[in-house]
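Shown below is the structure under consideration.
Which chain is which? They are A, B, C, D, E, F, G, H, I and J, in the order written, and residues in each are numbered from 1.
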């Protein structure tokens, strides 16, 4: 079901390179953050009609493609798990090393529940550092308490 | 190899509850962040002799246990993958949804390479919000460029 | 981490049988629904101190066991997946047959998002039927919309 | 074996969107519930000749496609397990958290046996709620007792 | 959950060998077929109080063991799948070779539905044959039609 | 290697439906049982030249297709294991529930060895029953004793 | 079920080393080949009462252990697949490289069927060679033709 | 990488059948054993230029195909493991039953090391037998001792 | 995402063979080591514009292909794990045999951390030896210490 | 089978730490390299009687433990694959990134065959570097050519 969306994602990546665009510039046009704009272009988010229209204008997409951008995806962007790509694997590794730590710290602070991955946003930026610049990722998800009924 | 470390981790969790300690308080004593202190007590990090000594004092651990805190762990804190626990699974889900987005954004900004999960630090805090408080996680890892040789 | 909770769950099952209690009766004492009460006794939910106290009184549990009832579980109650037990497998089968139907119907009605399994409740009752009584299950979970940011 | 049915399912989804139909409207035409009608259009149920005829009329399908609707499917609608899509995964999560609870409650009420996933029906509706509307799912399956012979 | 039942199963196998009993003789005492009696003794079926009492008498089991015989099992008797034991693997092989044939033949005769594995019985006997005796297995399960609703 | 055989199997299923044939009628023409004839048409058995010729005549197959019917298959008819289709899964379930029972009963009767799945035949028929007709399956395989050498 | 047999196997290996026995010597005492004798001592074959008695005499086993030698094993001697041990893995590798060759050659010579792994024997010997001695393995299994019925 | 080689393998199988050749006859032409010749034609071995030339002559292959025969394969001839085909599975079964026996016997005779699967040859022949002919397989691999350094 | 890069890799392998080039010669042209040059041509590394230009000149690639060489790959070159090809499997085997040894030796010498696989280089050469030439592989990766924070 | 060897390995690690020994010092006593000495102490290699005697003297082991050191191990040192520990995972990652490169380079230089992991040795040393010291690993394995027969 996702084939159309991921194929369109690959097309957008090619067009982005040809046009010399950055995700920051694309995001500004769409009126969303770079993270969400990138995820949506790669087919992991569904666009509003307005955002899809703006994306179509920017990249010269046709009507069918504009409709694809608005479709709700069958999510899951990775060809296999654990991911073979080292950049993505490092996040899988963090999960293995810090999984129980996340559980401890969130539960101490908030009680029994989870951090939502739906009512969620994320940013990514360069953190200059003399010993070598760093990747800084900021995640924020609503705390959802387990219902007792 | 990790059995001693995770068993000690469970003991520390029980003692922490009995003594009414928080990870913030433990962290202050150790002189490290709450995230790292928690991960180290749960057996996923190796302590310096000084930190192990302070931890032993705080929880009343014996010499053998103090030595265990300094051991380098065979890392990996989860009993199975994908994780069955919903709190931890949400991070696995983020990996599936945002994996290709992380790759795109990091490579646009930094070129071919990865965010280190070794030269890495992380914080977790409560983000007050009228619609329900949020869990805020901040990660920072050194960018490492792929060597061309 | 869950070993204490699931061991206690097995003990409660034995005591329940000896005392001739039903989940409805246990639930009434605890002040929660039979579904939640059963899940909590089996170690998949964390009890409030009050509910744990009532459970302890009912089954004659000691202080350490009462504390275990209040612990937040590392969730996941099944020894393997897909489940080998036929009763539980049927739900796995429903997932395979109706997975895409749930996605279609929820998205048509609510848009892009999910049904929460955290802010969630469920009931189970007997539905008399001439051709053979039926099991009726009612689930209700809050709809959570995917955030666009 | 299912390729024809799932391809036809995708075609129907496109036609449904173009014609601005809802599953409720489609269901009314077919004379079945929205849940079953959706599952049948997506290729997980076999239609009677009458229902197939009505579906063909509604969407303008040809004779070969009408025959496909009547074929008995090789069931299983998900590309992989556990499902990578968060909406569908939540049901997998319920299975892990509530699996043993379902077993306990059904067996207390009915004895040794299962809830049928064949002689089974299901409904899905919006449950208005001030704190955010809820998804309500109602399942009903015939209880089948294990035969002793 | 099944540990008690499978441990008791192993004990019964030892006692059966010591007493020189056959499954036919045990079955006659219990008033059920040899197949069901064997499956119940090995812990995959739940006995009625009467059958459990008779089994206890025959093998000299105590009260707790008699209760275990009546428990409803978490079914699944094999340590791993595919089964490593050649006798059991042959049935797995039949599934792979004849799976689509069973589907074709049952559906031609009965329509869309399944053969129940719950309302089910089975027998096993020796079939004398000059070229070497044969194992004859007879299965019978109620046909359950898929409900259209 | 099996692609040609399973593709031809799908073609035969379509032709069978168009011609309104039953497996019983096809079997009579071929001179074999319905079970074997169905398995052979679906590509899991190799036909003799005579049987292939008769099948070709019945369905109007060309010479290349007639040759394909005689090829020895790379056996295995299911797209994945455990099978997602409920009809076929029930046999997988029987394997899990009755695996150790088959082993016990065959070994008590015959000693150390297996039931052959090669020197094997099977039949399937409708068993009329007031409470709902039943599927009856009869299997017969030669007992093969483990050689001691 | 196999735990007793593999534990006894480990005990026999220790006794064999202490007594300075070879498999050839053990085999001669038992009256079987070294291959079968070794497999039986390691718990993968069931001994006749006579062979078990001789083994017990040789190693000083008690009555319960002598009974264990006669039990029919739940076969499968490897802790995981693919095997991590390099000596055993090489056979797994042969399976991957030569699997289709075995199929071709056996079918050309014998037609549709298999080489039995039950009516089967095997020998292993040293093959002197100037460039380094070789391991020579000779297998012999009865050809079983697929039954057409 | 292997696609060209396995496609060519299928072509050779068709041509072999059309020309009525046997592996023995092909092997004689190539100057190698039937086992190796068959494995090489199926794409699991790399041919010398001379052998490839002879094969091309025999089957009428073009220059590109002759080059493919000389390519070193990415080895592994089976679509899945464990193999679903019964003939090939029997070898997998032997691995499970005899794995520890091979290890014991080879180590007793040769010490710590392995039987090479590279410096390896194998033959397969018919062994006439009154109770039914047998498949005889002879393997020979150089013993390689583990280096101590 | 990698399909373009691995397809181009296969094309380069064919051209390399036609032109009679060696990896040493290619590497000299590119100004990098043979190991890195080979990995980059096979699609596991990203080339600088200059290196891509030189590669294009050498093999007669067009502009689109030159761009593909500069793309950052979704890394992971193997069709399945564990690898079925014996040459590559031997490295998987080393991982199983020497994994804990690497951990011990690196940690004794450097403390808690890892050898980088990103800031990493490798060489491969022939080591003449009277008993048979040897493959010599030299790896060098920067040590990265686990951050304590 | 390996349990004794890996338990002894853990004991040696504790004794090594207490006595303040290094692998270099242990290796010198044994007369082997540090890599092999470490692998042998951790239970992945079998010692000669002399080396075992020296190890026993150094660590104060008893006779049974000295015998364990000489046993041939069932090799495989890792609790799961892919390895969860980051240090060991990096080698798994190298396998995925460089697997096809190793194949290309070895085959160009040596022809069709493999690098032996049995007739193999390895060293590990610190490589001083201004930008941060490096881990240098040198592997050497005999080339084994595929036999054509």
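Keep this in mind: a contact is a pair of C-beta atoms (placed from the backbone, for glycine too) under 8 Å apart; a residue touches a chain by one contact, two chains touch by 3 or more.
Quick caveat: nothing in here was measured; it's all calculated off a predicted structure.
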Which neighbours does chain F have in common with chain J?
-> G, H
With centres defined as the mean of C-alpha atoms, identify the chain lying farthest from chain J.
-> D
Compare the contact pairs of G-J with those of each option in C-F, E-F or H-I, and report the one where over half match by residue number.
-> H-I
Note: chain C sits from chain A at a C-alpha centroid distance in Å of 32
Interchain centroid distance [CA atoms averaged], chain D/chain I, Å = 48
Calculate how many whole Å lie between the centre of chain E and the centre of chain I, each centre taken as the average of the chain's C-alpha atoms.
-> 55
Rounded to the nearest whole Å, what is the centre-to-centre distance of chain E and chain H, using the mean of the C-alpha atoms as each centre?
-> 42
Residues of chain H touching 2+ other chains?
-> 35, 74-76, 78, 82, 84-86, 93, 96-97, 103, 107, 113-114, 116-118, 120, 144
So the complete set of touching chain pairs is A-B, A-C, A-D, A-I, A-J, B-C, B-D, B-I, B-J, C-D, C-E, C-F, D-E, D-F, E-F, E-G, E-H, F-G, F-H, G-H, G-I, G-J, H-I, H-J, I-J
Would you tell me which residues of chain J are touching chain B in their complex?
-> 10, 17, 79-80, 84-86
Complex contact set, residues of chain H against chain J | 32-33, 35-36, 45-46, 48, 51, 72, 74, 103, 107, 111-114, 116, 118-121, 144-149
Can you list the residues on chain H that touch chain G in the complex?
-> 9, 13, 22-23, 34-35, 38-39, 42, 44, 75-78, 81-83, 85-88, 90-110, 113-117, 120, 122, 124, 126-127, 129, 131-144
Chain A to chain D touching residues, read off their complex | 1, 67, 73-76, 78, 117-118
Which chain I residues qualify as touching chain G in the complex?
-> 82, 84, 86, 89, 93, 96-97
